[in-house]
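Following this message is one structure expressed as structure tokens.
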């Protein structure tokens, strides 16, 4: 058992160049996948953020009394997909309007002599309804209520549709690049282990002749592959950690990564090492 | 101890062995002769189970070629010592490690490894060169290291495939003396060779092969 | 000479597996770099687009007469960095306002009885001034004109600053991923040629013994590397072309690539093949 | 034609050659003998300029080891034929291509290649096997292919490093007959060997080396 571990370690030290190549390959692949993961994380964070901002506005006729508004509010709250409902009175609306146009001269409402802005409900959606179809269904439910005119329900439909299109594009690219990177990484690691097997051919032949079991011949290679994966993963972690520290100065709030990504990277490195060794050993030994 | 019974072997090229029979008893010294391509190396391969016969059978120790599993083959080889013309030493380890290698792969204990390795090197009169690398040795010395590696596991038979093919006559005599001594101590020896001078000058049993069949 | 070419070709055919590996490596690397280039192209297109939209608005006091407006317009046009200047009269402003708030009841201006919106200049910037510092300098120049109050000059400063920060981030990530991909591609291609050299060692040794010149020994390897690069580059081109055709259905206007990128990809493949062969041959032969 | 004059060669291991002198005239057949590690292969290496002497000099054809450039070495080798104990044939080409290979690398014309290759195969009586792959041949046949490859460029000297080490006595005699015939046709031959039987039974010139120096 000790012999197996020793062989794995000394294999790593002896096949310096090709060993280094394998480690670098794994590190580079892990870094690429790490960057890809960080981008994905940020992307989905951004998407959640944007989707969270989707809301419908229901303008209420000035003729509705308090009782009526209460009834409507209960009815809307009962609709599938509605998360919260906030009532905005005519007075609040004026304040918001003034806030929005504060650079304009204030004489509008004064000149008018009455408040032209309607009261409204602001309706936010449950998570699963924050899509264009989900928002549509809520929109339809609200519109079909008695006393509510379709024109009085407003939401940023175009924004949602556009956003969904961009998300789809981003996810497609993300996924594509990610899978290409993963695939090529596996290919390269396996190729590297193949190189190591070729360079160890004589030792392996001799081992077979003196009666080494399959386990004894293969285990050092697995150990070597695993160690290379581990070192590669660690290198990637250190590199990415430094990179994020550096870029955090530039980018401030944008990047949100937690320590789990580092664990993931190291695991990924080890996995690449093991899978690469495994496929190379199966094919070339 | 080793018995080959009407064993045939077919290579893709069409050559091979044709119903060969051969028995080597414990402590016996047998020469295997025949022209190139006759099948000498193939016979040895069958004994160390690198090639299994398509017909007939081979028994080595307790194992039979007809019902051996892949997992058992390493254990057959631990009872056999093998020496080749080109030594097959590992260039990146010293003499001691080359010999110890055969013990390490069997999972022997540290203390035993040291004792047995030094004893085997003693048999071939090389303990003083145990820290040399293979490329620092002469051909004869390298072959002696290979013999030490082959006998370090106390095999009951030593297979030698033209062990003196690369050596000059003087060195050849040294090696033959070592093999003779091993044989008198009870290790059976089966040696393939082209060296008729050697074969003719000894009184040992000679098995000759031609076109894949034993003549004698 | 024929012999050299034949050896290169048959080398490619014979070393099927490792040759295939090299081709795939080059193809994958080229695809990654291609995707990276397309993203970069789109990014810079987007950036140019956004920057082009930066404009300053100069609100004019109602008391200015036509002559005064003419003078101001000439003065502003003379400022460094100003590209175009458009005069927007009070009447045009109302039309634009109505267009913007068309869902609101139209009684605002009617009720008011006069036009509260000021006339304005819309100022666009020369390309090199479409940065936050460039816009700032134009802003300062306009503000410092007599008769123009600093409060009357308006532009989306926060938008520009934010955009510049995001551009910086995007370029950093883009550049980083791109250089990692390039570097690892080179490493891997060279590693692959090394494998080929190892597998051809006996043939090379024999060539040396029978009196082959250095040129004759190396040239087939270069040819093999170049061919692998060419095939890899072509594969990448076909793949990316298909990918873009497919995604064009989804993404419509977003992706703007011209045929030059394909030439670039093929060149890149060949370059990777040649450089890889070169470095491997220098080191391992 | 080939002259080695007080040439020394040092390997990193400390071994090597020590002021060796040897001359081979055109058409001469010379045996090079000596125990393993004596330096026989090293002498041949110096002649085909794979190792240049640190002292003394070697002249081959018009070239002198003292002022030869790396670019000229391939042209020296085209005037020399080399044969090894382990044949060194390319396993992935047939017999014809193995022999033609030595012509192709010199940039010979297509027509010449065919003619010369078949002539060389004729010399070793193998034209009928020109489409066989090396692994389909016996050891003796493989060595004859190697000899054909060595002589296809019409070298003035053939260097043979234990060319019969892997062959049985009968095949050895065949190979020796071919070398003898080449020698009587004017090709000088320098052959390193351990086979004293062979050396003793012939009347050729014998040069013996020990510890890196010529004794005779």
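As written, the chain order gives the labels A, B, C and D, with residue 1 at the start of each chain.
Throughout what follows, contacts are C-beta pairs under 8 Å (C-beta built on N, C-alpha and C of every residue); 3 or more make two chains touch, one makes a residue touch a chain.
This one's a predicted model, so the numbers in the text were calculated from it and none came from an experiment.
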Given chain C and chain D, the chains that contact each of them: none
Identity of the chain that, by mean CA position, is farthest from chain C: B
Centre-to-centre distance between chain D and chain A (centres being mean Cα positions), rounded to whole Å: 68
Separation of chain A from chain B, taking each centre as the mean of its C-alpha atoms, in whole Å: 62
Length of the line joining the C-alpha centres of chain A and chain C, rounded to whole Å: 24
Chain contact topology (line, ring, star, complete or other): ring
Touching pairs - complete list by chain label: A-B, A-C, B-D, C-D
Of chain B, residues touching chain D in the complex: 13, 34-37, 85, 135-136, 138-140, 162, 165-171, 194, 196-197
Chain D residues touching chain C - in the complex, by the definition given at the top: 48, 70-71, 74-78, 82, 88, 90-92, 101-102, 104-107, 149, 153
Residues on chain C engaged by chain D in the complex (per definition of touch): 1, 3, 14, 202-203, 205-214, 216
Chain C residues within the chain A interface of the complex: 21, 24-25, 28-29, 31-32, 35, 39, 103-105, 107-108, 111-112, 116, 154, 165, 168-169, 172-173, 176-177, 180-181, 183-184, 187-188, 191-192, 194-195, 198-199, 243, 247, 250-251, 254
